[in-house]
């Protein structure tokens, strides 16, 4: 298990507010660990769409998830909201590794910290393609 | 299938903004129909908690769902947000029937309209109890 | 709220086993009410695909959900499995109303009973089309 | 990103069949990456409950998730089922690291491989406790 301390709010460049849902709380009364990964997907794709890079229905390339991970330090609980910080850790030839931090609204320390690796592929055959230059320029703006 | 026209925004007394998630979109590219029911639960319990009536971990009574339904008129799509209107249609001895409308942000017409029937039960044995007077007073404030 | 008694196992013509998941249990320790609707979708589309009628990625028509509903009589709890009975209540010009019953493995009485109305539409413009004859013949075989 | 090859079926000691659901498929037509984590939770807790170790509603200790991760090699698609292999990689003082492999029914190669770290805590105050001896003996039986 990774022992690195969680990164502070200052490392994140883009924020996505997330509303918790009644059914996010599991039998122990807190947001289930799989929900965080739904938020990661939502934050990464939301930023890509918002920047005009990703077009889910007809654009090229599209992003497929090849690796994700998350460490959990503190529970979150519906109905309390949360917010997800996003920044870019590394841009490869065809892939991007994003860093994500989940925070309770006023909290300085992250409740959870994760990563999310996208590989960009051609829609038609889902073969990896180089990250387009316009994407690289935008991704550089949210570098960690 | 019910043919009644969907009710307008004006019938709703409490609003819950909902953020759509990447994984809410199903294989046809729109928010899956079961997601609306997650929002209904979230809106009803959120209002009850926010009004200080429902205490999920230790209060009494708690609300169990005995019937729900929804009609769908228009698709919703991540990453567009939505909002859920809530009002009370009927208060019985132990049960409350809530009306719920799902709207795209600027839309006048509901994308979906549903209902949600809670029965209030004692936590310990989950037997129905009368809706407490304090709850009735609050519920009356959001009558449809 | 509908008072009709729940229909018996004998009314259902096709069965789909469902595995409950850890995160299906909500804060009250039972399968959340919205999960049943995920099972309905899974049972209806699974039957349509299994019969060679629906082709999700490229066939025509596709089915859009226009109305659903469910009444709940008894809780279900992970890790116990369940099974969903399916039959057809009514076939219209473009729509089909399915009946669904959720049962614990050995139970005679349904834990929940619901319905699910599909409208069949052309993939390209999502306009309703008549239910194809081959579909009608198959649907007749699982009439309630 | 980790480059280690995925482990073969033979490394897994316990298998959980999983049924995919209509709504598991996301806008790209395959099971969303967060769903795998729902299966991990289901497989780990299901094994613990099945062995009589974990009692979700009243037993002690309970398991909290402190870290998870997953690498994805191949898509899975509803309505195809899958199966999740489980084994134990490491038992610490209060924690257990499980290895999980997701396989299509006949596939030799895993579609995804992940891990799941539980810390066992006292129910009342959620402070870590040593993994009980009876748990250690059972966990040793499914060592990777």
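Labels for the chains are A, B, C and D, by order of writing; each one numbers its residues from 1.
The rule is short, and it goes like this: a contact is a pair of C-beta atoms (placed from the backbone, for glycine too) under 8 Å apart; a residue touches a chain by one contact, two chains touch by 3 or more.
This is a predicted model, so every value here is computed, not measured.
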Inset, instruction - Using the contact definition stated above, find the chains touching both subunit A and subunit D. - result: B, C
Legend entry - Chain at maximum distance from subunit D, centres defined as averaged CA atoms: B
Legend entry - Selected interface, B-C versus B-D, where C-beta contact pairs are more numerous: B-C
Legend entry - Interchain centroid distance [CA atoms averaged], subunit A/subunit B, Å: 29
Inset, instruction - List the centre-to-centre spacing of subunit B and subunit D in whole Å, with centres computed as mean CA coordinates. - result: 34
Inset, instruction - Would you kindly tell me how far, in whole Å, the mean C-alpha position of subunit C lies from that of subunit B? - result: 22
Inset, instruction - Name the residues of subunit D that each touch 2 or more other chains. - result: 22-23, 25, 27, 29, 32, 34-35, 38, 41, 56-57, 78
Inset, instruction - Please name which positions on subunit A make contact with subunit D in the complex. - result: 1-2, 27-28, 32-35, 37-38, 40-41, 56-57, 62, 64-73, 95, 97, 117
Inset, instruction - Could you pull out which subunit C residues touch subunit A in their complex? - result: 22-23, 25-27, 29, 32, 34-35, 78
Legend entry - Complex contact set, residues of subunit C against subunit D: 17-23, 25, 29, 38-39, 41-42, 45-46, 49-50, 56-57, 78-79
